[in-house]
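What follows is one structure encoded as structure tokens, with my remarks underneath.
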Amino acid sequence: MSLVLLAGTSNPPLAEAIASCLGLSLAEREATRFPDGEMHIEIRASVRGCDVYLLQSAGPPVEENLFQLLLLADACRRAGAARLTGIVPYLGYARQDRRATGREPVGARLIADLMGAGGLHRIVAVDLHSAALEGIFGMPLEHLTAVPLLGEKLRNDLGDDAVIVAPDLGATKLAERYARLLRLPVAFVHKRRLSGERVTVRGVTGEVRDRTPLIIDDMVTTGGTVEAAVGALLEAGCRPEMTVAATHGLFVGPATDRLRPLPVKRILTTDSVALPDTGSLPHQRASLAPLLADVVSRLHGDRSLSDLIAHA
Amino acid sequence: MSLVLLAGTSNPPLAEAIASCLGLSLAEREATRFPDGEMHIEIRASVRGCDVYLLQSAGPPVEENLFQLLLLADACRRAGAARLTGIVPYLGYARQDRRATGREPVGARLIADLMGAGGLHRIVAVDLHSAALEGIFGMPLEHLTAVPLLGEKLRNDLGDDAVIVAPDLGATKLAERYARLLRLPVAFVHKRRLSGERVTVRGVTGEVRDRTPLIIDDMVTTGGTVEAAVGALLEAGCRPEMTVAATHGLFVGPATDRLRPLPVKRILTTDSVALPDTGSLPHQRASLAPLLADVVSRLHGDRSLSDLIAHA
Amino acid sequence: MSLVLLAGTSNPPLAEAIASCLGLSLAEREATRFPDGEMHIEIRASVRGCDVYLLQSAGPPVEENLFQLLLLADACRRAGAARLTGIVPYLGYARQDRRATGREPVGARLIADLMGAGGLHRIVAVDLHSAALEGIFGMPLEHLTAVPLLGEKLRNDLGDDAVIVAPDLGATKLAERYARLLRLPVAFVHKRRLSGERVTVRGVTGEVRDRTPLIIDDMVTTGGTVEAAVGALLEAGCRPEMTVAATHGLFVGPATDRLRPLPVKRILTTDSVALPDTGSLPHQRASLAPLLADVVSRLHGDRSLSDLIAHA
Amino acid sequence: MSLVLLAGTSNPPLAEAIASCLGLSLAEREATRFPDGEMHIEIRASVRGCDVYLLQSAGPPVEENLFQLLLLADACRRAGAARLTGIVPYLGYARQDRRATGREPVGARLIADLMGAGGLHRIVAVDLHSAALEGIFGMPLEHLTAVPLLGEKLRNDLGDDAVIVAPDLGATKLAERYARLLRLPVAFVHKRRLSGERVTVRGVTGEVRDRTPLIIDDMVTTGGTVEAAVGALLEAGCRPEMTVAATHGLFVGPATDRLRPLPVKRILTTDSVALPDTGSLPHQRASLAPLLADVVSRLHGDRSLSDLIAHA
Amino acid sequence: MSLVLLAGTSNPPLAEAIASCLGLSLAEREATRFPDGEMHIEIRASVRGCDVYLLQSAGPPVEENLFQLLLLADACRRAGAARLTGIVPYLGYARQDRRATGREPVGARLIADLMGAGGLHRIVAVDLHSAALEGIFGMPLEHLTAVPLLGEKLRNDLGDDAVIVAPDLGATKLAERYARLLRLPVAFVHKRRLSGERVTVRGVTGEVRDRTPLIIDDMVTTGGTVEAAVGALLEAGCRPEMTVAATHGLFVGPATDRLRPLPVKRILTTDSVALPDTGSLPHQRASLAPLLADVVSRLHGDRSLSDLIAHA
Amino acid sequence: MSLVLLAGTSNPPLAEAIASCLGLSLAEREATRFPDGEMHIEIRASVRGCDVYLLQSAGPPVEENLFQLLLLADACRRAGAARLTGIVPYLGYARQDRRATGREPVGARLIADLMGAGGLHRIVAVDLHSAALEGIFGMPLEHLTAVPLLGEKLRNDLGDDAVIVAPDLGATKLAERYARLLRLPVAFVHKRRLSGERVTVRGVTGEVRDRTPLIIDDMVTTGGTVEAAVGALLEAGCRPEMTVAATHGLFVGPATDRLRPLPVKRILTTDSVALPDTGSLPHQRASLAPLLADVVSRLHGDRSLSDLIAHA
């Protein structure tokens, strides 16, 4: 069963980098649009009997990237691929895993079901917003983590006064994982109701005064969470020189404008999504390519992934 | 079982017009995007136990419109809708019903399966590119035709010298339907190989000399087919004053620029997709609203649709 | 479509109470075991064409209760029931929604799929451990909350010095829901790494000194979480007179022994599971029967549940 | 994974010929009927872990041949076959891909779904009536063409005055494929409405006067289409010495009687269905065995089929 | 939800009789064959939203009758039928419920799955060869019995010396049901190995000497079982004047020739299959029409069938 | 594809014995319960790409053993096992293959469907209560028999006066299989109605006077069938020194008390279920381990099982 790497158009540099790590070429394919706007997919190499890895990040525009992934999968399935694994470093709609107010869709489950209907056998994703995505996918979902990868890049930069900061309660488990790796203390920002009458306020739990915060999160989208956390941290007396680390750097909407004025000297993300326009920010990206290449290699060789799995 | 009309964002005027024909209001819903770009759907009225009709055209951008339809369906299904019918006047990807060159997806089937996975029970569509879409959909697909509707609008405008013209062989059956309705002769444009050595040329079969052509087709996309047909017709000696009628007027890419210089005095389509920018063209639209309202009314009342079905 | 209430053997008093609220009798059924130990189910009344509500809590022994629910559902399905809703106040295995360390099952998804394979159309559950269970179930899952119910029972008992306490970070959202209802401030207990070298310690965030804590959680199982929270709260100076409120009171293993010595004057749960032996504890139960009867009545009448849904 | 060839009873000579091309024997099997008329299938060789190719043409009696294919597939599946490919040279019910007048079945989809329910993983078919069958089948359908095969047999027989004739508009694409291969011009027979009042007449488009027609089609069933085409061609002045070529030669009902009086010197088909009684016709058959043997060999060896696929 | 009775072509008199019992007409439909031999089904009345009962016996030719049932079901499903019940008085392939010798299909399961794939929601059958067919069908299978019906017809004819005889061990439970109804003793014919060396012989257990046997079975196919039972009974000294009663009278192959010479004065079956040619036999048929009409009426009215069910 | 043996907790000695026969170790796994009573499964070795055999008997407590099997299967599936075969020597609920009195579940089908939903690809079972279980399972079910195994153990113990006795009519086919193997005559115990007025009595058919009976059955559960058979045999004059042989020895409820006083000198079963407490009985067990190890070895090597299959 030959290994075939086939990439959608969502993140070409990452796809190329994974191929390069594996010493392979990406399979030739056409992925254009017909004059009427519909996508046109054609695979140029035989995939019959092959072990195919479809590389496609489901970042914005999610619907197009997702649909292209499904078209690629269908083409592979009909062309006789023996095994179809979707490598989806960033998985959109992961936060829509419940109905918040009643008559809403459960988008995460819909995406999971569409991927199943499209013929994918297995999904590989990185630092999902919720570990329950595993249960939402009927097919096996290998949930990797970029924490060790990002941790290594951060390590040399961190002084003795560093403190890992979860910018909200949802990020505290992630913060613990960074803390264990980097042997640092943890603090977290929280919103809390002070009394029945008074409004909710944001506070910081943990020692941050005169310390240098490393704010971590699974993703930076509009920058709002980081902005609020920076405010709370400054109020709590931390040093005005922070680092932000997140697996997924989407930087959509007002993100760049929001983050530019903040006392953040470094923003580290992976390349899980296509490079957004963050030119004016101190934004660096650590590539997921070695990790994902390793995973492809292990899956193709039927070797264990256990040590790469995100432990919830 | 109450009737609920719920519309996506693909074609609001048509949705409003259908509701108006039925003397109903569209169900309130939110259909926006979260700051990170993901769609947010929320239905504001109870659909529990209801007979819900989801109005969404799957024209460009097809992926977004399709995905929004699936999210709406999922929201309805989870909120307890008893029956979910998708009213999809224009169904994108219908032409991808086979693999043309080997390793391509079969997009039409993929869309059909996604709609099934999304919980829709039945689809209503108009003048599909291929009648075989019925077989491609597992769920019942009611295949309506706009030919009578468009025929009525055209009738008074047609002189004794009119001739129905199919711009390619694929449109001849449709041309026959117009011809039977309007009691007119038929001609068709064809590409044909003249010999083993010489290239293919375009010709016209049927009497068109000094006649006024009514070019009909299922859809106008980039205008290329119409442009070529006009050329062949002029060469065959028809009068330089033509009408074009098509169910779906997408007018994408170079369509407007291509059609403007042609001796076409009138282009008639339905409003199956959102109004494209055809300001400089003699473009008129006949609304599908009365037809679709009638269909919704009959389906809700469990009455027969037979006389509205497109006979292939 | 007649309404039929059919109960398994997991929680007879709750089933009877729901029936009583609705002014109905439970459908007669046999639910015994054959001499060889296999369950024997027989329904004694016709359910053909009926709207059947299966009342069965999936508390311990989960496997038996779950399997009995599936047998009941199969009997109803084959006997012609038109609609099958499982009323499952407590849903076991809900916490197994991911693989914690690699090669584990995702028990929550398995249970969800078994319920689907067994023919259930919809599930009603109360205060699930994770809201993502909605996505894990393919069928609609109505996620109710007992917070208003428990809040009402608690209200008169709370002085001005009361404070809602989440015993761990996972319970903070639930705490907020109590706080909004009771117009009280919130505090939470957390475990936090203090430095790279030192071990993790438990602390309290929020004002608790000299206040009377109301510790809330979704469930009390072995009592370990409550015991630890009480310790942290006492250390933080709260008054030694606490209340514990949780939707599900399982009290398994060492629970009673752990909780008896604590300065807890009242433990309030619902009757979502069969009454455990908590004789020596100040344990009170507020019945879910009125809530669940209301839900059955609304579902049967195709009326909205929105105001009863747990807002995550 | 060993290759196993297993044949139904629909077309034993073709099955033997395919086996012979591959240097293999057909797997021993019993395919008889019990005294009560039910089919009895028993496979006499182990297929456990094998790559099984089921050879069965779905020509008349379609229902029996189809059902026997399903029984063979079920026997293989339960006996542990690893991969099940149906080689179905002629696929009945392919024309029932839509509802023509309203309340009809979509027979083509039904057959596709039954084959899926029966456990087949992939179908190989030849010159289907409609390329959309690919979309109608959920499993991969390899759509081969016999045009090159038939073209080779025809080549030496064709003079400079030959012209490829499509006997109706549905066959024009097929005619183009013959024309490209044989480097000949194309004409086609068409029915066309001449005016609103006058009835439809049949005409010929393309140069046929004094030329020798090669009438091509996907199948000859009752001979009606060929008979009408011959009439139109003679009227248009062609030479009264024609050849007919079609992939599938069913020759049912009045076919032989209709074709015998016509000035047709040669009728060439493949052996896709069992040899019908065409004794008095100048009927020759080119065997599909080499093509199908090649396909089996490639599929078994996971090699590409792209150059054998029918390009629509 | 209106009741629609729609019949295939397998057993028109029974279908008419059922309709007549219900005071209804059979829905108009076309069920012919196209010139190429494929079945053509068209329903002439609206079934949208209807409760449709498809009457089709799956006796020989089983494959055709089964496939026609599936085509009828598909036509109804696509035309909007709300509920589809197959009334299949005789269900072929029921005996193929296991693999007898290893590599055989399990035909009964295949048929069950095809009926499911074809869109049927429920099956009604009469005196199945094995009660385990209920488990083999995923959808509800209502297993009726004709024993009371046949028993009434037999009662007046039976003297004091009558004895119910099961012609093989498989029929003993059925014999018990007749015996309880008719208050008669039971005997049974058995094959039994007499020693390790000697061959198997047929014997009779129970008092039959000088008694008048009523041989009962679920079906008479080739008459072989009856012939052998008669021989054993005569040898055991019974009176040479017997009655045979069986639900299904197929009388295939040598049945008539085998049964004619036997001392059987009356053979009673139902009309579950089309009338075979039994002209020279003392064959009478009791109609299932009142029973099946009652079942249709109850199912349509959502009333219980319990008292009509075959108790295994 | 490596072979992995993974055992549940239902029958550890059998699992160890199978592993030992194969010269393999059982894969390390945790199969415990969390403090709240839910099962916790964790596999300690990689199963990625492996051919996994799950050893779990579904004897009492059936629900727990079954659910544990499903959890193990889910863990394997998600961890990337390539093939999952359940080795289930005793399959509970097999007798619930029909509805006996109307509104009961069909437990056997439910279990079959749950195993399918849980991801098992194939089941191996031994001497099922009904061969129709093959049809009830959608996946391949390899139905083995322990008759040769038990026959070998019995052979030397049987004198010339031995007779195989089926304790009821359901066991006669099984008795024939023993008889052919051991070259002995057969008798059977039966219940039979003697007349319309008199009640049913138990009798023996076949020569048993002064012979030594070997009572065989598929299983011994409460001992009731054996007790009644012994009574009938003694009454018929057999020697008061009997042997009982059955594949499955469950010995539940009153079994030991019932069997102890009987003139039974030896009870032989296999070890298909965990050793029950039969200390005071002359109970011996022949191990299924060599048979099951052989089957695992053949399945893993894709070799035929035909000679091991139970012929119905």
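In order of appearance the chains are A, B, C, D, E and F, and numbering begins at 1 in each one.
By definition in this document, a residue touches a chain if its C-beta (ideal position, glycine included) is under 8 Å from a C-beta of that chain, and two chains touch if they have at least 3 such contacts.
Just so you know, these numbers come straight off a predicted model, no measurement behind them.
J.: By label order, what chains touch chain C and chain E together?
T.: Touching chain C as well as chain E, we find B, F.
J.: Which of these pairs, A-C, C-E or B-E, matches B-D in more than half of the residue pairs in contact?
T.: A-C
J.: Which pair wins on C-beta contacts, C-F or D-F?
T.: C-F
J.: Calculate how many whole Å lie between the centre of chain B and the centre of chain C, each centre taken as the average of the chain's C-alpha atoms.
T.: Whole-Å distance between the two chain centres: 51.
J.: Report, in whole Å, the distance between the mean C-alpha point of chain E and the mean C-alpha point of chain F.
T.: Chain centroid spacing, chain E to chain F, equals 33 Å.
J.: List, in ascending order, every residue of chain B touching at least 2 other chains.
T.: Correct list: 46, 78-79, 99, 101-103, 106, 109, 113, 134, 304-306.
J.: Under the stated touch criterion, can you name all the chain pairs that qualify?
T.: A-B, A-C, A-D, A-F, B-C, B-D, B-E, C-E, C-F, D-E, D-F, E-F
J.: Which of the residues in chain E end up touching chain C in this complex?
T.: 122, 134, 140-141, 298-299, 302-306
J.: What residues of chain A sit close enough to touch chain B in their complex?
T.: For this pair, the touching residues of chain A are 35-44, 46-47, 60-64, 66-67, 70-76, 78-79, 92-93, 95-96, 99, 101-107, 109-110, 113-114, 116-118, 221-222, 224, 250, 252-253.
J.: How about chain C: which of its residues touch chain A in the complex?
T.: 97-103, 106, 108-109, 112-113, 130-136, 138, 143, 169, 172, 176, 179-180, 182-188, 190, 192-198, 203, 205-207, 304-306, 309, 311-312
J.: Spell out the residues on chain E that touch chain B in their complex, using ranges where they run on.
T.: These residues of chain E touch chain B: 46, 48-50, 77-80, 82.
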